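Letters A, B, C and D mark the chains in the order given here, with residues in each chain numbered from 1 onward.
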Amino acid sequence: MTRTLITGGLVVTAADEMPADVLIENGTVVALGLPGRQQWAAERVFDASGKYVIPGGVDAHTHMELPFGGTNASDTFETGTRAAAWGGTTTIVDFAVQAKGASLRAGLDAWHAKADGRCAIDYGLHMIMSDVNESTLREMPGLIGEGVTSFKLFMAYPGVFYSDDGQILRAMQQASETGALIMMHAENGPAIDVLVEQALARGERDPRYHGEVRKALLEAEATHRAIQLARVAGSPLYVVHVSAREALAELAAARDLGLPVFGETCPQYLFLSTDNLAEPDFEGAKYVCSTPLRPKDHQAALWRGLRTDDLQVVSTDHCPFCFKGQKELGRGDFSKIPNGLPGVENRMDLLHQAVVDGHLTRRRWIDIACAAPARMFGLYPRKGTLAPGADADVVIYDPHATHTLSAATHHMNVDYSAYEGRTVTGRVETVLSRGEVVLDRGHYLGRPGHGTFLPRSTCQYL
Amino acid sequence: MTRTLITGGLVVTAADEMPADVLIENGTVVALGLPGRQQWAAERVFDASGKYVIPGGVDAHTHMELPFGGTNASDTFETGTRAAAWGGTTTIVDFAVQAKGASLRAGLDAWHAKADGRCAIDYGLHMIMSDVNESTLREMPGLIGEGVTSFKLFMAYPGVFYSDDGQILRAMQQASETGALIMMHAENGPAIDVLVEQALARGERDPRYHGEVRKALLEAEATHRAIQLARVAGSPLYVVHVSAREALAELAAARDLGLPVFGETCPQYLFLSTDNLAEPDFEGAKYVCSTPLRPKDHQAALWRGLRTDDLQVVSTDHCPFCFKGQKELGRGDFSKIPNGLPGVENRMDLLHQAVVDGHLTRRRWIDIACAAPARMFGLYPRKGTLAPGADADVVIYDPHATHTLSAATHHMNVDYSAYEGRTVTGRVETVLSRGEVVLDRGHYLGRPGHGTFLPRSTCQYL
Amino acid sequence: MTRTLITGGLVVTAADEMPADVLIENGTVVALGLPGRQQWAAERVFDASGKYVIPGGVDAHTHMELPFGGTNASDTFETGTRAAAWGGTTTIVDFAVQAKGASLRAGLDAWHAKADGRCAIDYGLHMIMSDVNESTLREMPGLIGEGVTSFKLFMAYPGVFYSDDGQILRAMQQASETGALIMMHAENGPAIDVLVEQALARGERDPRYHGEVRKALLEAEATHRAIQLARVAGSPLYVVHVSAREALAELAAARDLGLPVFGETCPQYLFLSTDNLAEPDFEGAKYVCSTPLRPKDHQAALWRGLRTDDLQVVSTDHCPFCFKGQKELGRGDFSKIPNGLPGVENRMDLLHQAVVDGHLTRRRWIDIACAAPARMFGLYPRKGTLAPGADADVVIYDPHATHTLSAATHHMNVDYSAYEGRTVTGRVETVLSRGEVVLDRGHYLGRPGHGTFLPRSTCQYL
Amino acid sequence: MTRTLITGGLVVTAADEMPADVLIENGTVVALGLPGRQQWAAERVFDASGKYVIPGGVDAHTHMELPFGGTNASDTFETGTRAAAWGGTTTIVDFAVQAKGASLRAGLDAWHAKADGRCAIDYGLHMIMSDVNESTLREMPGLIGEGVTSFKLFMAYPGVFYSDDGQILRAMQQASETGALIMMHAENGPAIDVLVEQALARGERDPRYHGEVRKALLEAEATHRAIQLARVAGSPLYVVHVSAREALAELAAARDLGLPVFGETCPQYLFLSTDNLAEPDFEGAKYVCSTPLRPKDHQAALWRGLRTDDLQVVSTDHCPFCFKGQKELGRGDFSKIPNGLPGVENRMDLLHQAVVDGHLTRRRWIDIACAAPARMFGLYPRKGTLAPGADADVVIYDPHATHTLSAATHHMNVDYSAYEGRTVTGRVETVLSRGEVVLDRGHYLGRPGHGTFLPRSTCQYL
């Protein structure tokens, strides 16, 4: 048995802030105590004086190695989870993808194969359903039994991931019976595709048109529709990557009715905007993702939504493509730019910056970045909090250190940073994953294969 | 020149109520004057003392001879327009139907052929687009030039009339450019079809299940979606046969934003309910239409919507099928019951009953039944009001007479009445169409071919 | 008998637009006819070719000779009604004032005495209740019997006109029983008085602070409160001079519920803003009125409210005080500036300008300026429309002429114009009051005493 | 040093549920640890196997010995806090009352004198301001310095506790500057008093009329008004004893805007209704409190509000009056019935029953009953949670035991129970207050004077 003690820090969870020592035995938090009071002996002691001691981050939306638009997301599970650890995230939930015509099982096996033995931190898997039909509906309970309890559908991307409203309703009905959670990419794809085609025909081919055709009203429309379908099915709903104020308003209205409707946003929607999409010399391509970045004035609404709990989770939708060779596929045709941004390494810092800026309290920071995603996807209290019995996924966080985000220094396998040159206050100092030190004062001590697959229970908000 | 004088009545229009004489020369109202003051001479004088003198009704939604579910609506243009006249309606706007794969032109020509020379009263035509594509979009301006200025799309009936959201958006964009009005059947067809299939699989086969599967939330959803698509396209929108309180709420919210969104309901939604659908011995089939009848407590919301002008028009969606031989096609499978109710003869009386019952003012009665539909579909002030220059489509209406609605006495070509045995206060006494007497004190004096096609201007609310 | 004929114009009412001749006998419209068709003979013929023929304006909110803040509104009934006629208004409804401690009767008699024999056009009277108590409540039915059917209360001005919520509720209950209409000045006076005192204490003494202390939220609050009290009492409610977007939103929400709640705005809120209040050299005092002018971005909401019928009436709240000697009473203390603006002469022109600018249709112009105020205050159809039987209050309006508003040329007895230098398109050419020519092509032909008191029925929207 | 160990229970806080041992040294929780892992030695060990270990309840709204309507609430600080302890509540916040014309200081001193040395558990004090004026406003910062950081105002009870809107605004402005929290009794008193007088005049004198005259709309109105005034002042707002669905809707709307607006409800509104007020033989008097009980269908809205966090706190408003001799003062005149119910002993059990019934999760139970009131009123994390450093106010709660609420067995000094005969699942087994055992398996071990005054920081939600 290895005993680790973290002393003198301010323990911050979603609920509490308290000066406390944290005692770890092997991979588990076994006790919290008043600082110095219990004279706990330990092989390894970290002095966290002046620092925060927080649960490791839980990033519930990443796409390592995702095939998209004829290329693959540039982070593997190895490089991506390593970068996550650098950024204070100790759990990711990635997306296995069903190929059209194939089974869920085949997709899940393929993703297990990609991840197995390569991850620096623990990971779970959601399942993307590209093809809702009798056969795949029947597969759902089995996957839930294996700990894959959430299923993502797309109202966008006709011909690729798109499900029609009948398919969505069926999947929601199955979710209602089995306890699964339906995750929704909510944009009206058929309407957007018309606007894309018309924009290209008018010669509007630069990245910024990506933001113009994917209209906020069409995100709001799809969000409303998904909510109504979920009401008919009697199922819960989790809307991914909410970016439009109008879509958030639909969630808020549903939640006011007491409906089990949840929403996620991402740092890019909180910190970036259509101004970035409009950067010249095709630089805007770096910021192409869907839902798209919105005009700056949507940001205040999203911050408010996080405060009012109309949004519960901030994930990254980490899906990096290099500018060279990948984003460039869309020169002259924005619709060919691979959709996605890097971010798994930056999330904890950017959200702490929001604490510094007054957008969030410290506790809310931990809630949206650790506790809520863990609860949402059936990992609590093993992940997402610091309490006796929890996995010892712990971050010592220096709230005063500053550093500058840059592709020159980040650890994600991508040739640019979406936040290049932005200085943030707060920095990860030490990271433990199940009691093992993965990172300490700038030294990476992790290894591929330490991270294990996390079978998840169903959503714990229900 | 023929001069007709109607004396001593209370002229009621959407705006005014005044004791006045109405002077008609040939087919046109030429003057209104204080009773008895001008000593107008006339060949024909009607004494309307104690009666209302109102504009003839405008029924903007009928389906004479519509092919549906392997049979045809049982009223021809001849029988249907005659019945309309009996009920005080002097204008109908019916729907020409594009056959899938064929042109709008072919559909329009076919409907002209059905109607030409057979109508007792004037008529216009909307166009049902079954297939929105580049070719049919290009046909729209030509039809508008011929006075067919409104185009109906369906969000229900996949595989039959259904348009997907991309098609709807394109049609709305074309409407935005040309001034056309998009009429929408707003129900989420793909989701409903799933529920239909599941209900039948559970053995739920009686007519009442028609009402259960076509859920109010799915009407509301489609209504919301149509509104958002219209906002994206910058076009107006007219939602037909609104029956659900929740759908009405979507319209009201849009109108509060100042959007050019309009709504129609029908007498069946105001006077009938799911109680009728649940009548035993397959009698419920008489009340099968889509959108379906709703539980009784939706009625109060619809009446309020008519008072607050969140609904502007009451049409009939007249689409009769005989119980024997037609409705019976759906014995044992509610999804095979032809959708539609008779009603063109009953609308003016039922809405006057609503005046008697305190739901509407007299002026609002004329507004929703005459003036608003005329304005909505580009027929004002020729139709829908009584003023110098208007067509002399005039009804002398006895507000005190009572009569009982019944298949035994009605003039529609259908073997049942949806309002069998209901006694109403108020009765049509005399009907003029362009100055010619079509009906007088129970004597029908009209003839097929008197009614002529009305080329319509674009919507006059815009 | 005198016969007057107005030929060749476009008759515009709230409901209709039609080329028509208007035949007048003595003081009454007796017939409308197709142009030229009836060969009507007349002593006096006006050729209105190329002009509009419209009902005379009804200004339902004026304050001639009102005592306020130690001075009196500068227009008498003689000068004020003459100016009204110049501007195309043929009916005003002014406010009799109950003095604190005195009876309604005494106030009404005093106002009759001021108006009798002096008015150029017809006039009605509302009653301001300064003191709701058992005695004044008992007087209400008597006044209604004399045609004073509307009673104004103030939620502002503690110590002067202010009624507390108990008094308001009692008056509304009495209104509910008698059919009276409660008109409400909706601003939270006790809260505003705190802000006034604090602003003055901080040395904020210029006119613009008048706009800052009378906060939009406090207008909205009072509007909401008045609506709730009216719901408890079961009475209708008419909110005067709505200026804040937030207050309008309260009215709109109430109307969506089907409540009998009505709202009025004024040209100053549609055309002026806090920019005017901030004019230097104490010029801002010219624009001091309550509710105050709002920031410019409230204007769009008000225009929209007029289009969506969430506001029904545009009156002037005409209450002029000369800049010299009157407005100047508040130099160095904005709270001492007499509250009020001149405007009775400008309303019809400014609202026609709104037609030119695309804010309103022609028919809506006539509705909000003529028909709706007449209906609201029990004068319809004698006033507010052109139809057989209506009073021959008729304006021939040239829609193409332009002129410039200015104190140099206006006829109100006040030394400034709130719209100085503003050029408008549209001009009154001829004005008839009960068939008598009051104004013709720039010649004033009226006389004091032509105008008679109008006993009014109760609100015709109920 | 005394060491106490609670082993084997399920620790439930607002955030977490975990099997854990709780180690207490003297009056403080010093560590939580995995069950059995640390071999902690202790003088006193409680075996909590199969039980919950929860923070002691915080009842933020009680009125011990309150003078009201010529009598006094029947529980003294001694009897009332003892009863609280019996019910698992270890902290109360009671209300000191300013007498009209006297200073806050005098009122606070008087209440300190009543409580000092008599309480079984710790207690804080809010301050009721009966008279907002320059002098009392100036006293506020001093009281905050002494730990009285919340001030209650009344929009009801004109002539007694009532503040007008100007006074409310001033107090809120002062709160905004000093960090104080304004607590509001939100009912429109002046309007209600009119209705009371009229009801009595009509001979409506039974207790049930108390519920009829204090209309839900007038609670909603006052709630809306308080919110708007708080917005003007820039201050937070806490609305006490929310009972009407419509009032809750106002809070929810404000919170959707991100405003710092909070709401409390009470068990009586969740479990009782106007049916109780209507109990015959004057029994309804037992349920007379203000805001009043509402019709049963309001309950679902309140439960929903607790789940959606539109309501944050459940307090009791404990204010008992004996049926004999006290409630009876209002026989024949409901307005003379002293307002208030007993409940301080029943809150934790009733809310656990709500967990059993599925209205709340276990964690939400602890949140609304312990953590949220502690945070709201500046007592966190000393009170309201179990964490190293917290006061050892701990309850061992048996979730399976059942018992029956009854005046025969309760410990409150009042001759009836509002929940007489109701059987609940769940029972307090052991209660510690700052480490001392107050109650253990039906034996009361506490003493007057153990409880000490809690100076509170300002609201911790801001």
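The criterion applied here is as follows: contacts are C-beta pairs under 8 Å (C-beta built on N, C-alpha and C of every residue); 3 or more make two chains touch, one makes a residue touch a chain.
Nothing here was measured: the structure is a model prediction, and the numbers come from that model.
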By the touch rule set out at the top, what is the minimum number of steps from chain A to chain C?
2
Going by the average position of its CA atoms, which chain sits the greatest distance from chain C?
A
Which of the two pairs, C-D or B-C, is linked by more C-beta contacts?
B-C
Need the CA-centroid distance for the pair chain B / chain D, whole Å please.
59
On a C-alpha centroid basis, what's the spacing between chain C and chain D, in Å?
51
For chain B and chain C, let me know how many angstrom lie between their CA-based centres, rounded off.
40
Residues of chain D that touch at least two other chains are none
Chain-level touch network, classified as line, ring, star, complete or other
ring
Applying that definition of touch, give me each pair of chains that meets it.
A-B, A-D, B-C, C-D
Across the complex, what residues on chain D touch chain A?
13-21, 23, 25, 28, 30-34, 37-38, 252, 255-256, 258, 304, 307-310, 371, 381, 385, 387-390
Seen from chain B, its contact residues with chain A in the complex are 164-166, 168-170, 188, 190-191, 193-195, 215, 217-218, 220-221, 224-225, 228-229, 231-232
